[in-house]
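Letters are used for the chains, namely A, B, C and D, taken in the order the chains are written, and counting of residues starts over at 1 for each.
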Amino acid sequence: MHRYIPGTEADLARMLDKLGLTSSEDLFGDVPGELMLKGGLDLPEALSEQELVRKMKALSRKNSSLDDLVCFLGAGAYDHYIPAVVGQLVSRSEFYTSYTPYQPEISQGTLQAIFEYQTMICNLTGMDATNASMYDGATACVEAAKMAVDSTRRNTIAVSKTVNPEVRKVLGTYMDLCGFKIIEIDMDNGVTDLVRLKELLAGNSDLAAVIVQSPNFFGIVEDMDAVGELLNGSKTLFISYVDPISLAILKKPSEYGADIAIGEGQPLGNSLNFGGPYVGFLATCEKLMRRLPGRIVGQTKDIDGKRAFVLTLQAREQHIRRSRASSNICSNQGLNALAAAIYMATMGEHGLKEVATQCVQKAHYAYRKLTESGVYKPLFDKPFFMEFAVIGPVEPAVVNNDLLGAGILGGYQLYRDYPEYRNSLLICVTEKRTKAEIDKLVETMLSTAAKEGSGMA
Amino acid sequence: MEIKKGLYYTEEHEWVRVSGNTAYIGITDYAQDAMGDIVYVELPEVGDTLKAGDVFSVIESVKAASDIYLPVSGTVLKVNTELEDSPEMINEDPYGSWIIAVDMLDDTELDQLMDAAAYKEYLSEEN
Amino acid sequence: MRAYDKLIFELSREGRRAYSLPKCDVDTLPIDELIPKEFIGTAPLNMPEVSEVDIVRHYTNLSSKNYCVDTGFYPLGSCTMKYNPKINEVVASYEGFMNIHPLQPEETVQGALEVMYELRKALEEITGMYEVTLQPAAGAHGELTGLMIMKAYHRERGEDAKRTKIIVPDSAHGTNPASAAVLGFEVIEVESNEHGDVDIEKLRKVLGDDVAGMMLTNPNTLGLFEPNIKEICDLVHAAGGLMYYDGANANAILGITRPGDMGFDIIHLNLHKTFSTPHGGGGPGSGPVGVRKDLAKFLPVPVVEKHGDKYTLNYDRPHSIGKVKSFYGHFAVCLKAYAYILSMGAEGLRNVSINAVINANYLMNALKGTYKLPIDRMCKHEFVLGGLENENGVTTMDIAKRLIDYGFHPPTVYFPLTINDAIMIEPTETESVDTLDAFVSAMLKITEEAKTSPELLKEAPHNTPVRRVDEVTAARNPIIRFSKTDVS
Amino acid sequence: MADLKRTPLYDAHTRLGAKMVDFAGWEMPIQYEGIIAEHEAVRTYAGIFDVSHMGEVEFTGPDAESCLQNLVTNDVSSIKENQMLYTFMCYPDGGVVDDIIVYRLKQDRFMAVINASNIDKDIQWMREQAAPYNVVIKDRSGELSLIAVQGPKAEEILNELVDADLKDIGFFRFIDGVKCSSKTCMISRSGYTGEDGFEICLRNEDAIFVWEKLLEAGTEKGLKPCGLGARDTLRFEANLPLYGNELSEHITPLEAGYGMFVKLDKGDFIGRDALKRQKEEGLTRRIVGFEMTENGIPRHGYDVLSDDEVIGFVTTGYNSPTLKKNIGLAMVDIGHSALGTEIGIQIRKKVLKAKVIKRNFYTKSYKK
């Protein structure tokens, strides 16, 4: 028998006997014969644990991890340092082998941890209410858009072209198939074109929400106050997509009048994991609280008057309202939200500010070094957080190739999503990078330009 | 299950009390009993004009969120803001706790509704 | 152990620290010379100030308030709470997997792409579908993706405008109708017949050229295999609709029968159920979606492909519905599922279903004398009891709560809605007959207590970190975040 | 303060260094250590209050129940012996004579506890209305004292002194003839703070002894003597009305938001017709909770405005000791009563912004 299956031949025989059956085949007597799989599954033989380890180790070695490469790549997934306590505590099986906390009496650990996570997200964004987390930033954006459509009874969503293309693609898929309209707001010198936005607001009475990201995809800090001003008093909701780490320094969504704040929570203590699982957050103001999708933990009391936590505001959720539900979501990213909470608790206000500050300082150092040469020029001249775009004399693919040769993971090649920006790299510098690493990046990029450069410098 | 005489009833278990051209609308004892402890009542804006059959409120209990349909077309004159503070009033006194009052556009729509006897009949059929 | 009841915020003491960061070694400038003042925030973050020890003790104490699979039997119906192998966690923590960026050049992540490709192939074989995407984040997300594909299919045929209805049985998981509604479909519920199967006659009545498709779980939520599945598929196909397979209950059919062979066109699987990846207290899950050949072009991009010995991500799929999630799905979860499939092998997977089914039937048989069994026939991986009738007003909830006192996690209760006071039990294959016997004797003892001392049940559980909680107050006056001013 | 009345506990108060003030003709402790400290003691441990100034009126006779049914808005027939009931006594126009608590001592014997400020008015009104009924109304205010012990630790503290198990007393129930450190008392599980707690009714001569015993037993458990100051902030946070603020002869119970204590279907009673009409047609004004969004502390009697027009008045306002926010209750025209509505409060020369919020500022911790 198999190590994960305790039933022995004898047990099986005994149980079959109790059921008055002779063979395990009889258990499937109700499956029509022609549907029974003939000859079994065409899959490899079972591996012993040793064999499995050997195979998976080999596969993992076919990847160059960020242990081997120095990462200057961001574009939606970020290489921040994760304190050891996060991994250690999240690996407690009391957390990871339990289910959604339907039975509060024996799930207080998960429930309280999520309640604390909700509190931290509210404090970070300045918003009144949030849920127990979403699949990722992109789907959080979708749910925010749906909240806006439902609560305003309008059908169009305006999204800035400076919002992460990955997010806009996902939003596009949903809005298209859910029957909503999407309008993209043009950009101007790397930021949302506020003039166009103003016209849009004036000319469109069906706008449910406007989505702006800050720092935006190019790392630039958008003028969210101005956006807030434009939307102030209008029925159209202001959805702001933010980087949680940046909120340790930049204005909170509540400070510029956002109705919904969303974002990708991966930077908060979650490993890169080749793209997932991550954790999206979605926070909002009191008046939209009851429209929050997914799980929400609330504080209450047990019959002895003791403080207790429980899933609440579930009345509009799928398991209760079925086809009238406001969302079909039924899982959150429990473990990832837990990791985010432990990360925030570990860093605290001072740690988060220090991380954000080092990101800003190191990114700007790299920016100065790279642009003072004149070989690489800033693509935009706008204030940025920890990512910036430069345009150089060489195909970015070539630059990245040389960087890879030097053990460096280069920036994001912007033409993949913005064909107009050829020869442009989006470079990300987190608090993890050192002066030496940055200097090496600059040096390598310059030498590439020197040997390949068409003399445009 | 209390059914009050002199009111109009719908198959969705709303009641209507008419005074002049104003219709006061709430949910029946049967409805509140079916929902259990009511925790939240979503109210429309005063001045909204709605058609018969429109959803004008959502009532939430712990385990359900139920749409409340407008039995007669009209303009919302009053909403019972007391329900925001104490939604449980509907559990305690369903026929006393109206949710909205509308100025009826067409009181002949009332003819489509059931009287107490018909509603009693309807309930007994349903169960 | 002493009862621990602190919030992390209540541990906070000004000046405590749990982090350490290297000094900033680059030349710096004042922040407001780098970012304009008007963009800088002023409000405090109000994070707790604690030491590393505080954090470790806090979360360790919290964890001790959870019941989990590693604690004991977790017979939650339709959730497949099987054992989560430790080696899977170890594998997922290899630097080469955990610490790679989704946008790295393909040549630097060949191992990861190979894992995705091989898992894709394995799932295609297990389900009998032509092509599988790993992108959906969870079962519900898989449903949504599958229905989007269904919509794209009808759209291509110019029929999306008229095909507005999705049929689901009344016993379906709540996510089915919800997913359909999110995409603007009208949901038609068909009643089950007295055997718990889809009522073919009722189905015929609702079929027409306005039907986009039907969603079915097989075995269904009653744990019953749909004997007329072929006929159902034929009927729906004849009406021009597609068949969607909700894989929540796939643990009953591994290596036995395949949705592809049954006639389903689109399916999803829950890796966190059938393929042993942990539920994580509510996530992350993973809900790969598989389709038949002519629907493959609609799958989300990118698709992992193998050319010679190179693995690539193909974004060039003009008919694709697009992306439903960032990057490629929950890679780390897929990784664990792949490790599981390799550990089980073909024969092992078949034994999973055999043992899951025999465990369920063994329990059903042992309990049916004492508890109501509304539909008494051979079940698959799970079964549904009807609770106790007028036994001193003892409810199904009371039974569930009392089970906690006996050291068991309660089954799924009050679902499916088609059975009154339902108790839905799924033992899974990773439980021994000894555990099942212990559970049975607890269930039987409870029926005795219901007669002799009902208050024992009504007040249960008795020795848990908290007792039964007041859900009404929680929903009436929601407190969903801690603030120093909230007292209660 | 020569002609002011004093409770039997007066000396105890002065010994404890209480600040004494004139309250409705009584010389009462407004505070000892300080309102905030006393307030927090009650929320976290326990507090002991002298409320002997309250009035006690006894109704005896075959018509006692029907007489009370006619006098009050709540349904007296719904309480059995050893149960009590919060209710209003109204004028025919629905205005409130007083808010009172009715104890059912025996089938035909009741006690009503009434506000100190209303004793004479109430008793005169009761007697007038009682004329047609076969009932004897006796004012016992002069012989009885009332001590309240309130807070999470109240049961633990009191249990040490009494010869009964307080666990068995449910909320708004009482037992008579209990010995509390050898003195005979009537103990009810009730109070005016939003916390679990008890009210001890006993003879004047026993009051000081029991008071001292309770302090002895409780001090180590955090029990503090509390004055009328903390009593008011506590009841306010718990959304309990004060006669003269939320209730008056010009405010009906429905306008005050206490409809749950008005049973229109129990049969006739004084004020029923007026209240019934008000409920059916909807209120024209009602008391709402509000929170200052600009910095300023609202006080009883301040005007409430909406663009320069007076739309109501503040009934009670504080900087809430528990919530650390400036919040209040105000009577406003119905059009301004929806949650989230922006209103202005006239605080001295300035009009400061506030918004309408839910009234249950503090979730009561009564024992179920």
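Quick note on the criterion: contacts are C-beta pairs under 8 Å (C-beta built on N, C-alpha and C of every residue); 3 or more make two chains touch, one makes a residue touch a chain.
Fair warning: this is a prediction, and the values are worked out from it, not measured in the lab.
**Student:** For the pairs B-C and B-D, output the one whose chains share more C-beta pairs in contact.
**Tutor:** B-D
**Student:** Please identify the chain with the largest separation between its CA centroid and the CA centroid of subunit C.
**Tutor:** If we average the C-alpha coordinates per chain, D ends up farthest from subunit C.
**Student:** Can you check how far apart subunit B and subunit C are, centre to centre, with Cα atoms defining each centre and the answer in Å?
**Tutor:** 38
**Student:** Express in whole angstrom the distance between the two chain centres, defined as the mean CA positions of subunit B and subunit D.
**Tutor:** Here subunit B and subunit D have centroids separated by 35 Å.
**Student:** Mind checking the centre-to-centre distance between subunit A and subunit B? Centres are C-alpha means, answer in whole Å.
**Tutor:** Computed from C-alpha means, the inter-chain centre distance equals 44 Å.
**Student:** Once you find the CA centre of subunit A and the CA centre of subunit D, what distance in Å lies between them?
**Tutor:** Spacing between the chain centres: roughly 53 Å.
**Student:** Can you tell me which residues of subunit C touch two or more of the remaining chains?
**Tutor:** 471, 473, 475, 486, 488
**Student:** If you look at subunit B, which of its residues touch at least two other chains?
**Tutor:** Those would be 39-40, 60, 62.
**Student:** Would you give the residues of subunit A that are in contact with at least 2 other chains, written as numbers and ranges?
**Tutor:** Those would be 301, 303, 315, 320-321, 324.
**Student:** With chains as vertices and touches as edges, which is it: line, ring, star, complete or other?
**Tutor:** Drawn as a graph, the chains make a fully connected set, so complete.
**Student:** Hey, which residues of subunit A end up touching subunit B in the complex?
**Tutor:** For this pair, the touching residues of subunit A are 290, 314-316, 320-321, 324.
**Student:** Could you list, by residue number, the parts of subunit C that touch subunit B in their complex?
**Tutor:** 471-472, 475-476
**Student:** Which subunit A residues qualify as touching subunit D in the complex?
**Tutor:** 286-287, 301, 303, 305
**Student:** Would you pull the subunit B residues touching subunit D in the complex into a rising list?
**Tutor:** Residues of subunit B touching subunit D: 17, 19, 24, 43, 46, 78-82, 84-86, 89, 92-93, 96, 98, 101.
**Student:** Okay, in this complex, where on subunit B does subunit C touch?
**Tutor:** 37, 39-40, 60, 62, 87-88
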